[in-house]
Amino acid sequence: MLFELIIILRPESKEAERKELKKFLEDTGIRYNETDLNGLPVIHIIENPHLLDSRIAEDFSAVNRAVRLSSPSPLAVQDKLRQKKKTISVKGHVIGGSSLTVIAGPCSIESYDQLRDIAFLLKRAGINILRAGAFKPRTSPYSFQGLGKTGLDDLKRVANETGMPVVTEIMDTRDLDIVSSVADIFQVGMRNMRNYPLLKELGKTTKPVLLKRAMDAPVEEWLLSAEYILKEGNENVILCERGVLNAPSCNGRTIMDLNGILDVMERSALPVIVDPSHAAAERSKVAPLAKAAVAAGTDGVMIEVHPNPHRALSDGFQALFPAQFEILIADLRKIRELIQSQEKR
Amino acid sequence: MLFELIIILRPESKEAERKELKKFLEDTGIRYNETDLNGLPVIHIIENPHLLDSRIAEDFSAVNRAVRLSSPSPLAVQDKLRQKKKTISVKGHVIGGSSLTVIAGPCSIESYDQLRDIAFLLKRAGINILRAGAFKPRTSPYSFQGLGKTGLDDLKRVANETGMPVVTEIMDTRDLDIVSSVADIFQVGMRNMRNYPLLKELGKTTKPVLLKRAMDAPVEEWLLSAEYILKEGNENVILCERGVLNAPSCNGRTIMDLNGILDVMERSALPVIVDPSHAAAERSKVAPLAKAAVAAGTDGVMIEVHPNPHRALSDGFQALFPAQFEILIADLRKIRELIQSQEKR
Amino acid sequence: MLFELIIILRPESKEAERKELKKFLEDTGIRYNETDLNGLPVIHIIENPHLLDSRIAEDFSAVNRAVRLSSPSPLAVQDKLRQKKKTISVKGHVIGGSSLTVIAGPCSIESYDQLRDIAFLLKRAGINILRAGAFKPRTSPYSFQGLGKTGLDDLKRVANETGMPVVTEIMDTRDLDIVSSVADIFQVGMRNMRNYPLLKELGKTTKPVLLKRAMDAPVEEWLLSAEYILKEGNENVILCERGVLNAPSCNGRTIMDLNGILDVMERSALPVIVDPSHAAAERSKVAPLAKAAVAAGTDGVMIEVHPNPHRALSDGFQALFPAQFEILIADLRKIRELIQSQEKR
Amino acid sequence: MLFELIIILRPESKEAERKELKKFLEDTGIRYNETDLNGLPVIHIIENPHLLDSRIAEDFSAVNRAVRLSSPSPLAVQDKLRQKKKTISVKGHVIGGSSLTVIAGPCSIESYDQLRDIAFLLKRAGINILRAGAFKPRTSPYSFQGLGKTGLDDLKRVANETGMPVVTEIMDTRDLDIVSSVADIFQVGMRNMRNYPLLKELGKTTKPVLLKRAMDAPVEEWLLSAEYILKEGNENVILCERGVLNAPSCNGRTIMDLNGILDVMERSALPVIVDPSHAAAERSKVAPLAKAAVAAGTDGVMIEVHPNPHRALSDGFQALFPAQFEILIADLRKIRELIQSQEKR
């Protein structure tokens, strides 16, 4: 009964107006029942309601309101309806399970040495997954655009040496093969949440996809982007919140949208990871936002850490120093433990 | 050196254009120095820069940019600059100190009985301050508008019987005396954050003022509203975040703006309380938002609780049931303890 | 049949769950019919639906969706439903009729001389209504707050000398008598759109009220504020758009919300005036925005003009020079004429 | 002197703190001068300032403020600085010149017949450019995704038969060749404004690119996306506004951002086209928004028109009926004439 739709007609609408609507529905291949709601005429659509945009329906003069009763993204919400939490396994680490997922690393791969040093530090700290970008979507064409293929080679080498699973961004359908040869998880950045050709291609693979929410996307639209991947057959979607744009916070500053995170967790069983580094957009706020995200019950965090943030080629103002990072992770694990003991009751 | 301003001139500007600006400054009573920044002509304003709107300055053809170097709300930020945390004492409870402040109660006073029952329950749970509204700002004129003076009488009676300090909303300068006769803390609701005549009157009292942030107010503007109160001589301002409006969250849904909260805590030493009930706007999200707010290091929470939320005359969909509330408070206290032990390091 | 509401139940809900809802409705004094929508159980509320918040209804476990079919502000929309345009007469000028309304003047009254000079200039240009503020709501307590009572005296004198009707702002219920002794139209500024005690007092008068839209108010909420005035018996509400806050426009910059203006014109027959000065927030954009507003079919404009904008005590960066203003008004009148000839077809 | 940057130091900063900053600048390859601004220490960066993010600079403890004095998108603003309006010629029609550009057509290509019929109607109405999409970015994977390659074939055939130049959307770098074989102008949809690999590829062609603004993009970021294309050597960028997302307008409703349009016209000489169909998102608002856009002085409009909007496979609720469209175009041309006569003065 997904996608169910009811169309409430204006009681004063004329027969000719109603016929116009019904003819349209029939021509479009939508089956419906006419019924009566205590005097209000109603058309109830049970078959193929996804073929009908509710705004199109409301455009007919006979119609008062068209109301959708079910989710537009059935695959993204199905496990939730079955009360089954979705878990995703990556080289032995389970995302969406009882233990906190920590993904960390530099924003960009800058050199083999930089990456290896930070990766071994993260491995020692027990971090689950290494993040590092070779293809970097940057607002300005004059900013560092990532090392590209060379960066991927560095990442592959470091992944092999540390044995850590890696997540790295893909921006272009033409890069599918080379990124796939390195990534354990594909990252879709916020700017590509609506890059549907890319989402479709990723849906044809079996590798997990970490899907970042665009800064202006309602939760419904984020789930529809997940649906693009799920519909092609790939069930392994990880949702990642990285902050939303907001009027009162101006200057391009973002807000970590905990309300949206809780909303998506109420609707979907897909794992939800929070990226407090981008949501904070400055170093001093990363730790309190990360603590808040864990206290709110999310599945994990993705954090930028850099051996020397001032010299980072991208996002340096928000990357943590290694020492800060190690303290934060220990703190987060204790908060997670406390929260889980509270939720078990 | 508060309010310092520099005006960077266009190198190609003509002498006549510069004279126009300087004459204006002199006429306005602003003292300045002309100086040179490596070839760039600059006017440096040290005296009375608050008399000059930077947009007015940029309106002169000679000017490239006018840049403010200091805070427009000097009183709201002064303690922070001195690294002194502001604390406010209310009947023995210290707000802004080491212990978590918990303010709780029903949205509206509905009757003496309703209020007394919930108040004694809160007292037993060790809640610090009772909240309850007699004057209710409601979006629709057809919604319940509060019991008004009768409600204040009920609140006074319950305050006396329980010995709890109370916070209640004031909406109209004409109500100052009657609200003052009951309230230990004046609440200024989000809709009145820009009611400057009211803020000025409250600034002339000595009672603490809990100043809610308007849903579209940047942090700078929130602090300027605090400045209205501080400037009149009342030092006891408590800042209260209740969620901001946000494009991606539509439908009037708000977001708890943790980024803004952290921002205001970095700028000002005034105590910061979070209202997760309004920020959540639905019951199921109140607890995780409250936990997140405490994990992020805020001074306390203000939570709506009602003996029978479905029958509440206002905000029933976000009020907690008493049993939920008691569990939440116990949880929040443990999180506070953990966070404080982490921050002490 | 205003305020009609239908509650669609979950087909799988248990009888006990439905009883809980129905008992609640009965206790609240809401009459309803139980009905069936092609198998979907539905509760149809015809009497007193305004007593029920749809979110409260959706809070019951038996409920899938609660859908409102009619406007929450019946008085604000009633003339539109009857296809009758509302007109308001002020000293011979008709607002909402076929001729364009032009309201103009300085932001603040700065002195009798300043005001008299600009007023006679406006009178000669055929401007319909003089605007000038004595009470100024300013974001910073350090900004010029208006001349207050002295300013009102100046305004009264100039109004008498020119014979022009005047609109001036009221911010405080305590000022009702003194403002009323001067104003032909009360202005409610955007910061007071939610000052309900003030709206109620103005609703008890018979003078027209120019109600500015708050920068974050949805159209629905703007109409509800109008409803506060209408409900008390004052039918003479003029809606005034002054720009909305918007994520992509940051820096406190506003956007003239033509979509919202068109929306309110589709719903309500109340006259709609646009304030391009505040919507522009800088002089260079005032003229094109004003032209656009007239081309879109609004009833008039309210424009800030000042003999010497650089020396204005408030909003100088957006006030027009008198010469610019005179050209603009002539241009607007021609655009109005063209648009009206196009609409008549 | 594009990209100039000044860094204002804190007077109380220690020598060691300043050295840390200066060492960083030197290592990054940024040349600077140290200077003094009336007692305030300042670092003035003239060479390679684009290598430095102002937030990175402000991250150093020695720094008070880093202020950029010039545009981050030098190519997009260069003609404006030279007071030269950019014009783009497409099969004899000049975009950005004195005559209004009208681009029109259906949202999607649905069949050869549908497209041919509407195209001949547009040709007769003197429309300059035909729009029609073969690749459709849709929020839901269940919505019609466009006819793809088949649609392009239809478009090519109709373009040949009518002789009209066409604009059509490209979503995927892999489609460059096939789209290029049909399109006279590439359309980059709002969802791809940040698809940098695509922008770079289009920058390597010589065909005009119509670049839609993302619904949450500040003007600065829109120009930076244009800069991606310009930097690769393609000078023919047409900016297209299609509405922005805005808090008060909720429900995914957009606002035509005239303020942003005026802003981009003040900064850049690139032609600016407005798409009132998407900005309106419902048929009844298309005409007034189009009139407003023309009255505000933009270079043209892009409008959706469909032989039978109710049966359109996409965006039917906002497409005009042919008869409405023809009246609107005649009206727009008269408004344009009037506005141009007013601007010439």
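For clarity, chains are labelled A, B, C and D in written order, and residue numbers in each chain start from 1.
By our rule, a residue touches a chain if its C-beta (ideal position, glycine included) is under 8 Å from a C-beta of that chain, and two chains touch if they have at least 3 such contacts.
Note that the structure is a prediction, hence the values are computed from the model and not measured.
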Common touching chains of chain D and chain A: B, C
Angle (degrees, nearest 5) of the CA superposition of chain C onto chain D: 180
Distance-maximising chain from chain B - centres being C-alpha averages: D
Chain pair with the higher count of C-beta pairs in contact (A-C, B-C): B-C
Chain centre separation in whole Å, for chain D relative to chain C (CA means): 32
Distance between the centres, which are taken as Cα means, of chain C and chain A, whole angstrom: 39
Whole-Å gap separating chain B and chain C, where each centre is the average of the chain's CA atoms: 27
Chain D residues counted as touching two or more neighbouring chains: 215-216, 218, 245-248, 250, 252
Chain D - residues contacting chain C, complex: 215-219, 243-250, 253-260, 262-263, 266, 279-280, 284-285, 288-289, 291-297, 327, 331, 334-335, 338-339, 342, 345
Chain C partner contacts - residues on chain B that touch it in the complex: 24, 27-28, 50, 53, 55-56, 58-60, 72-73, 137-142, 145, 171-174, 191-192, 194-198, 214-216, 218, 221, 224, 227-228, 231, 245-247, 252, 282-283, 309-311, 316-317
Chain B to chain D touching residues, read off their complex: 6, 8, 33, 35, 37-38, 40, 42, 44, 46, 64-65, 67, 69, 216, 245-248, 250-252
